[in-house]
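Structure incoming, see below.
When the chains are written out, they are named A, B, C, D and E in that same order, and each has its own residue count from 1.
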């Protein structure tokens, strides 16, 4: 009572009449207005700059650090990119490598990167709001800015905004882009790079036009139920179909299947005895089928390449008559397959069929059995094929590929959060949304069409990284700042040799003139490198050049004429313009040259650490065995190889020696003197 | 006139009110003065949207010996003289007009008031009080010529290639 | 200081019969007009200082508000992405709420135009100038008219499902009927209501209506203009 | 009280300089008090004397004064804000960010401008309702009520045109929705919208037009009408003082 | 007003969005048994990018005092610096082991993880596990290592890659051999990589890479070598900014 009375009289004193109120309120207003410059002076960034100066003070290079420190708001402005970056205002130590031991933000120095930190700005890579000078606005999602700092693990996605080609430094981005192509993502979703070209799939999904000739309805059903149960490495996703749908789909696919132009030749006799199985296995090995096809070994490990489908349970899938035709010439069934046309004779085919036909898994098919389909089932199957977009990947008779079947993902990396419906339990950030969507598409809605993929966590991370690179900024990037992808060339060799090379699918493994796979050496200048006799011999009977390699050149059983055609073409066409293969006459090498070369080989260059010249003494097996160099290579090639191997065969492991002319000459002399045909395999560990 | 007021001011209530009014008017004046000072702060831009003073002039190969190249957007002359490359500011030292290189005469002339300079920047004639400014020039790690337009050199400096 | 009311000045109720600006002295016999000089004060400093104090209080409040509450700023305008909900400034939200119920011609043009015209002509209509209680004359006839009007309007509103207008309207009508009841020993509130002219009722109805619609539009409308609770965080 | 108030004013202004500017000293006598009002360009719109009753808080709530006060704050904050604002797309939005993050006191000025604008709309509405319920629109003040309605409209337009200037989502869509209301008008609606926006949609032209309206045309109009409003208060018998009118 | 502590909290939160994605287990499982010690089974000394999940999960085992595995014993993982576990606690399985996926924090450098169990009396037993997060530069170095160096410098073979390490007369140092490599200065390492062994009177079996790799790539390799070194590399003395 007393206090309130006092208060009342106090207020009456202050505000009792207009003059006193005017005085009192004016003072109050001035006091309050004085807070405005004070608040301005106490902004976060000034506090950080003071802290930075305190941090620097105690260090041994304090003087130079303090001298380089620039007080006040710091701004990086890139009008051509529309980027305003004020991050260095608080991140004062970005360029101070001597503060490498500082672990607290905002004072950590930036690790070295191929770009100038201050010339490129921060938000180009890290996202966030560069214009902001408060912690919250700069780093997180706010009402005015949705794009928060990118989590460190997805940082490579930012490289992908300009760099469309593979970069050594961005493994995750490379893997993500490869996965997008390999897992058929881009067959449903359109993903365009900034130059307007849509990504294309590399997964080579098989045509289902003649599926009835290849396999049974039961297998189709079991496969649809769970593709990974058939082949753990299968890229086909699980569509999580109910059994009835699977029944109808398989009915439709068989019903739509047409016979293919099957061979009139009778199927080879398939031996069934154990010896045939064993011989089949060794033929499978000798033909280096496992360079492309994997088979699960007894320990459950996959052994072999992933270019072709896994063959662990092939016997449960392929009909024998189809397999016979396929082994004779795969092109008859599927003109587009990557599988080479092996020239196998009937007996060999029989052995392989015995081996492959034995690869069965009764558990996989179970005791599935279907009655002949009704037309209702087939119609339902057709509806399902359209609904699920099967034709986006597979060729199916009478079903056209749907356009815009799935949402375009060209700009998915800058999709506004407001437009996203998050599934329960998913953090409200773009990367988490994309990751959740890939991991379990149906958790967002059971009616979504997107199938369930079987991906390792790292693959999901890679995919998210690749998708996050699909931003508006990337699309609007000035052309001068864009590093376009190396587009696959559509090089074809000419004439008969060209047809032969297509038949043998050389480009599945070898790259020539920019087209082809990366499993085997680039052959663009192969004609300059090798001698014709060696080449002919190698084509007919490819022996081991690189002992450490697991994937090797298969033996196609070429005829003499075919080998000659190929060798002639390679020797005449695949010549480097850099030098003439006959420019060094090996007959002029003296014994002393070779002796000197030998010293260099074992001494200064220590070539034996990777190559073998003397099989009894040398052990290195990273590079090709050099025992037959004289028969294989010419002196000019060896000479230039020692100068700069990288320029002759991009991507080779050979170091760039830049040897002196004398050294290169001596080594060439020594190496072309090696003409022993190797018979003995080097001892393995 | 002030007589009655003085009398009244002996009334404590009145003098107090007077003090309050003076306080109020004083505060308003203080606020205005503060607003002036802070207005200066407000009017001073804290960040500038201006191109960087450091210009990348490209590779030295683009400037053959004996040539004068005017880089219009950056207001520079890149001169390859006998002693090497150097950079001159194209801004006239008189009143800041942009001068032009007259290849037929071999001089730099200012269109505004007729100042004329030699290719080393020294004054031939005209109202310009000083020769053209020599700017700091150096080669970057990538081999590009960089010119700092904000830094005038007191001594002549050349980049030799 | 001021004396008890000497007289009540009023205007003639029928402007066609009498000149407009004639005062009728209704309570006393003679129009004894007393204007004392001490009823006036000097504008300077009395009025000026009071005004200054009022503005300073306002300024204090606004500066405090500005120091601790930042003005909203959303993302850069994007013509391709409509935010949900897209709301007009708060003073138009009553209108936007009406748009939810009626076609744009009605809610966006007809109603604002009518309101504007009504506002402008207020001082030129006798019912507004008249200070007489609505129910002091022709009670039964006016009751019938009111009942009919309210009923018709209610049917119209129900047809359009405009409960946001219907409920305040019915409430207001309730008060009007309450004021119309003839109770001898009525309380102060009833007497006060009964003294209110028609213009008071119409304006109050408009004020309440505008306030209710604006509040609904501001605080209770979420994505897709659906009804949400203010604390649900969707507005 | 009235007799003593003038004595509270600071003195010492009898000098020639002061008199050269203000002519009359401040209120020692009623004459001087009257002259202080009469000889001031801004204050002379008001009458020299006011009824004591009309100053009581219960009568006025100072709503008119406060409306004018917010308008003054808006002018004082708006002009400096113009110095850091380019009415172009999308620069306008970056200017908002600069005001928020780098301009000294920019954030405060923007806040004050925004909240004052909202307050002004609220206060002007309140003023209108207060005038209505007080009956202050009655003759002879009819026309001043109409001016008041015009001022209400100007306030709304000022606020509305300012709403677009930040060029954020809030601004863009509020103006899009609002301007489409106009085109609902029969016959002329679409044409009027086209003229106001300077195009078929809310775009760079609309921003520039709204900027000019907001910073030049509407404020000038508001000043003119406010002047008329004040002048009419005086000419229509001074500030309304509530209760019954006493006729003089 | 000056909330400086956000400065490091926020980037870390951003760095490990994983934290937010996996809400903490609401209820801690009730232990069914208790062990005396916890030992590491697999998954230590892995190298991953900052913020990335380790390739292999970390597996620990709880043993009783006799050294035999205990099923149903409580295990709890903890680490500083924004390391995320999925899950971070639970009970050992029937084999007495507990497996968790680990995502490292957003900062390059070594991380220490503590796996702990309690015995019936509430006494704590723990094991410390080291993992390494690599930043951009180290990551690039890791890639280059996988292409050019690993065949000779890593004595372990994998199904995809046969090691050449034992075929050399001078044994190449594995990059984890901190005891040897930490003593070599950055400049010397760069010189050896650039010019090869022969030029520096070391084993000529080390070829020169100066013509094949750029300066920044060699820097990246050195950064990687430093990152994986065991014991961890501590730079000597003060070094100054290079730009």
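General observations
Quick note on the criterion: contacts are C-beta pairs under 8 Å (C-beta built on N, C-alpha and C of every residue); 3 or more make two chains touch, one makes a residue touch a chain.
If you're wondering where the values come from, they're calculated on a predicted model, not measured in any experiment.
Any chain that touches chain A and also touches chain C is listed here: D. Steps from chain D to chain E, taking the shortest chain of touch contacts, total 2. The interface with the greater count of contacting C-beta pairs, when A-E is set against B-D, is A-E.
Spacing of chain B relative to chain C, judged by their CA centroids, is 60 angstrom.
Rounded to whole angstrom, the centroid-to-centroid distance between chain A and chain B, based on C-alpha atoms, equals 52 Å.
Chain centres here are Cα averages; for chain A and chain D they lie 65 Å apart.
Residue positions of chain C with contacts to 2 or more other chains are 45-46, 49-50, 59, 63, 67, 72-75, 78, 81, 83. The set of chain B residues that touch two or more partner chains comprises 17-18, 20-22, 25, 38, 41, 46-47. Those residues of chain A in touch with two or more other chains are numbered 17-19, 22, 25-26, 29, 33, 36-37, 39-40, 73, 75, 86, 144. Chain pairs that touch one another: A-B, A-C, A-D, A-E, B-D, C-D. Per the touch definition, chain C reaches chain D in the complex via residues 2, 5, 8-9, 11, 20-21, 23, 33, 35, 38-51, 54-55, 58-59, 62-63, 65-67, 69-79, 81-83, 86-92, 95-96, 99, 103-105, 108-109, 116, 119-120, 122-124, 128-129, 131, 200, 203, 207. By the touch criterion stated above, chain A contacts chain E in their complex at residues 39, 42, 44, 47-48, 51, 60-61, 64, 68, 90, 95-98, 100, 103-106, 108, 111-114, 135-136, 139-140, 148-155, 168-169, 171-172, 301, 303, 425-427, 429, 431-432, 457-458, 461, 548, 550, 603-606, 609-610, 619-622, 644, 646, 653, 655-658, 684-685. Against chain D, the residues of chain B that register as touching in their complex are 1-2, 5, 8-9, 11, 14, 17-18, 20-22, 25, 38-39, 41-47. For chain D in complex with chain B, the touching residues are 4-5, 7-11, 28-29, 80, 83, 98, 102-106, 109.
Taken in their complex, chain D has these residues touching chain C: 2, 5-6, 9, 26-27, 30, 33-34, 36-37, 43, 46-53, 55, 62, 65-66, 68-70, 72-73, 89-90, 93, 96-97, 100, 107-108, 110-116, 118-119, 121, 125, 128-129, 132-133, 135, 137-143, 145-146, 149, 152-153, 156, 159-160, 163, 166-174, 176-178, 180-182, 184-186, 189, 201-202, 244-248.
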